[in-house]
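What follows is a set of structures to go through.
In the two assemblies presented below, subunit A is common to both, partnered first by subunit B and then by subunit C.
The block that comes next holds the complex of A and B.
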């Protein structure tokens, strides 16, 4: 038996303290701030890798903060779902690298250290959210995450940036209230805030408040993850933010809602006190509608980042549908799509960011023919597009395959149908995009004279595109990694 | 007998590597040609080296990577797959030579030859797919890879045809995916190595729906009416692409998918019990006749060819749907017979267009005086389609008619005869116009297409005669088709 150092505590403590120290260390220099942020995320990535190795050997484990045993103290809990920190660290690191050149144009130099502070805080909060075993901590991390998120949207200085951030804030505040209210209710009902403990004490709790608590907390998380029709804040916020931030927001931050829902399900299923069937049906339908509506809105966009933002709504639809199906394949597919969609969407947003940075244009009609000038970036975007639509052998395909299989397994072939044909809708606007980049005559010939983005922007984009392919061919790894967790989750339902 | 052999995976991989090299070669014409031709030769060599084994009943399998737990990206070169890949790799070589000549002055040749190689890679991938998932992977990739070829000229008309092509084929892909998922759920496996993996216990309604789903998916590319709309529009592509699309890659992949669905997913016994194949046969028979009638009224050479393709493809579907060994032989062997005859015709159409600029049939008066070899090749192909003995098409019609009688469905024999007449009605006038109408003007010097266009054309035409006159010689495609039938029907 190996004794592991208290890595779990360090995973949160290191980025949190480093984040607030950033302005002091950078002392106004963008370069120092960048290297500091990169170093912090590298350390966090190494810790995350070790934790994931441990969980794959030992299964879930806990860290007890300050020696106070749960349920009295705060517990950090690391299970297979927490392995989402892998993608948080990976994307966070790449977003920071991408930011190096990108933000020098968007933000005045003295303010750049604050940008990195916010980004690190945002990433730290996501990590904390993913590994906490305590409901109140869950809320706290969610709030840090949201507040830094609002600020990061506003930071770009675009014309409607403040407006987009404000819209995000209003919706976000409502969802936070809903979550806080539910946590309060659960505390009143059980007298505990520790998730595992709450699950044990739920038996015999009054049915009506319990139902309200679960409904409200799920609703709150649904706003955070932008399930249709609670998505209205997302498109502007994700399209306006600086591109590395868009990648983080679209790839990771919306997934916080999903991870939150998974935690809620863990409590609900293991306690058996709440009947989730009704909620599952709602999720399935909203998932199906999200897929179609996200695609429907995206088709009419001309701004490439808005298209990508709407496509996130469709993909959240996949995930929510998979969760709602509550069958083994469905939940595995949904969990892995949390990871794969982050990869794919980051590829697309970083690629789009590189194009916007180099050309100064952001609409499809202006960008016609850009593929000839920036072949590598556009190739990466094409791989991302093929992947997000779910053409094998790319990362998106396996998730689609699993979720559709889950629909069949749950005895609901209609949802497999909706998923597969919803993906066709999504294809329409990605074809438009690739068509415009590669096969259309440039509107303004000067676009043929732009060059590829600098290495700090091109490198992360290409790496992510390569990962989209690798995760498609070796997609078995995350699928079999997450399987024990899903089996444990669904075991109380009778094998799924 | 199954043998693990990397050649089953190498055959699709060769073209993939070739595509990468062509893209990397940038604008070096020599290297592009060198890579294309040598990859085509290499691939043909690999496939041919497996042929003696395949004829003896050896099946080469190779598992590349486990794709999802339980389902691998795996290849399996059984008799049916070998048949298809022999045809497509032979024709790839010929079409590559032809395309080099045809595309000499076109822009974007790098993109053209790169995606051309990718198409062949995916086609052989479909042929050797061990399971439905692998097959879907290549089926869908083929759609993506042919798109840049269809819109090669980037004219508004080409872009429109490209959109139509994608709309049809991607929807088809969605059906195939749905069908694969469904099959996996019902059967617990997706392998194509068995003569049928589903059983009647899944319920008649479910199985019928699943059959409809898979046939709709593959039927789009096999251009069963009313799913054929994309094919005539896609004619805006350069002629070598049309030849590849309509004789080998895209449409045959659809027909091949239908064969796999009938023989390896459902199995003959189960389909006889379900009775759904009667409907499919009727639909195929309708397509054979209706498409021929439409073809008569087409004046554009390539459009007439397109509708002829729609008609001919349904021979394969009909043969498969009759569920008898002889009809199955006809279905499989027609993959080759139709491919060689149809590609001859496309080569002719392209050669005429490149040499004289003519694209419609009424302009062809007296063309036989100027291009005797080219039009001679055309005549061979036309006679094959009409079903004259000693030409390839006759073999199909003979076995298909026997198969229909075996299935107690004599009316399909009548349909075969009617189809022969219709084929005569739209191909003979072309021959008449070319050879018996006086050429315009007094200049009747022989002016053939250049050799890169002529040689592949003649090679295909000669092979059409070979296929027809020496069908029963061991080692010819017919024997391979019979080997496949033996397995499928458990004889």
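The block that comes next holds the complex of A and C.
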């Protein structure tokens, strides 16, 4: 038995204090701010790696903040689902590296340290959200995350950036209030805020307020993750933000809603006091509709970043559908897709960002033929496109396969059909993109003279593209890692 | 039924406030009014949670000479203190966004802004 240092507390404390110190340390220099942010994320990544090694050996463990034993104090809890911090640290580090050259053109130098501050705060809050075991703490991290997210959307200073950020803020604030309201209700019903403790005390609580609490909290998280009818804030916000931020928002921030839902499910299933069948049916249908509608809107976009933003809605649809199916394969597929979609979407957004940065153009028709000028970036984007459609042997295939298996396992083959149908739609618009980049005649011959992106942009993009392939080949690793957690989650349902 | 409502008047009031706020957010076109609606919603949730901790005839839980049970529950108030801080920062950010929208476009009416995109 090894005694581990209190890594879980450091995981939150180090990035949080470092984030707010950034402007003081950078003293107006973009270079110092960059190296500082990179150092912070490296430390966080190392801590995250150690924690994941520990959880794979020992199973879930907790840290008691300030020595106040749970359920009285705040408990930080690390389980297999919390391993999502791996992708948060990886993507965060790569987004910071990508930002080095990217933001010098987008933002005035004295303001760059604040950009890194916001980005670090955003990543820190996401880490905190993933590992906390306390409902109110969950809300606080969600708010830090959302506020820094709204601000990051607006930093690009483009014409409609503020409007997009405001739209995001209004939707986000309403959803946060729904979550806070439900947390209040749960506290009223159980007298506790600790998730595990709430689950134990739910038995015998009045059915009607309980149903309201679970409905509101799920609704709130559905707005955060942009499930179909609640997605209206997403396309503008994700398309207008600077590309590294788009990658973080699309790859990670929308997943916060999913992780929140997973936590709600953990409470609901293990207490057995709430009947989730109705909610599951709603999630399944909304997931299926999101897949098809997201793909449908994306087909008609000419702006590459808008297209990618709509594709996020489809992919969230896959994850939500997997959760709603509530079968072992479905939930495993959904949880791994949280990870894999983040990889894939980051590849695509960083690739698109590199192209936009080099050419100054962002529509498919203007970018025709860019593949000849920027072969590496476009190759990375093509790998991302293949992955997101779900063609083997790439990262997207395994999760979608598992979710389809989950639909069969739950006795709902229709949803497997919806999944394949959606994938076909997605195939159409990504083929359109790859076709335009490689095979169409350039509209403006000057596009052939642009140079390949600088190393700080190309490196992260290529690394992510490579990871898309690697995760396709070694896809069993995350699947078998998450399996015990999913089995534990679904065990009260009778073996799933 | 009516008696139940009377006994839980504080909760009913916060639900009504929440709905008024939501209505304002959805129907008003002026961004500042939209945001005021959001503030009303925030206040309603805060009031709801603070009301949770109230005990009839309860005292503030400050220990010392003359402290007598029953006490009200201080935890919801502590939580809402945090909640208010969050609400203030949201308001500050939203107002600064509105100022920048005004500087760039000269209007803060959502329907006119939609026409400009």
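Brief remarks on what is shown
In the analysis below, the second predicted complex is superposed on the first by the 496 of 496 C-alpha atoms of A that agree within 3 Å, B and C clash if a C-alpha of one lies under 4 Å from a C-alpha of the other, contacts with A are read in each partner's own complex, and residues count from 1 in each chain.
By definition in this document, contacts are C-beta pairs under 8 Å (C-beta built on N, C-alpha and C of every residue); 3 or more make two chains touch, one makes a residue touch a chain.
Model, not experiment: these values are computed from the prediction.
Judged by the touch definition given at the top, the superposed model places A:160 against subunit C, while subunit B stays out of reach.
Of the two partner chains placed around the shared chain by superposition, neither subunit B nor subunit C is touched by A:459. When the two complexes are overlaid on their common chain A, residue A:23 makes contact with neither subunit B nor subunit C. Look at A:177: by the touch rule set out above, it reaches subunit C but stays clear of subunit B.
In the superposition on chain A, contact of A:187 is made with subunit C only, not with subunit B. Looking at the shared chain after the overlay, A:439 reaches subunit B, while subunit C stays out of its contact range.
More residues of subunit A lie in contact with B than with the other chain of the pair subunit B and subunit C. When both complexes are overlaid on chain A, the residue A:475 reaches subunit B alone and has no touch with subunit C.
By the touch criterion defined above, A:60 reaches neither subunit B nor subunit C. Shared contact residues of subunit A with subunit B and subunit C: none. The residues of subunit A lying in touch with subunit B in their complex are 386, 391-393, 398, 400-402, 404-405, 408-409, 413, 416-417, 420-421, 423-424, 427, 431, 435, 438-441, 473-476, 479-480, 483. The residues of subunit C lying in touch with subunit A in their complex are 18, 22, 25, 31, 34-35, 38, 41-42, 45, 48-49, 52, 76, 79, 82-83, 86, 89-90, 93-94, 97-98, 100-101, 104, 113, 117.
By the touch criterion given at the top, residues 136, 139-140, 143, 147, 150-151, 154, 159-160, 162-163, 165-166, 169-170, 173-174, 176-177, 180-181, 184, 187-188 of subunit A touch subunit C in their complex. Here subunit B touches subunit A in the complex through residues 65-69, 73, 133, 136-137, 140-141, 144, 148, 151, 154, 159, 163, 166, 170-171, 174, 177-178, 181-182, 184-185, going by the rule given at the top.
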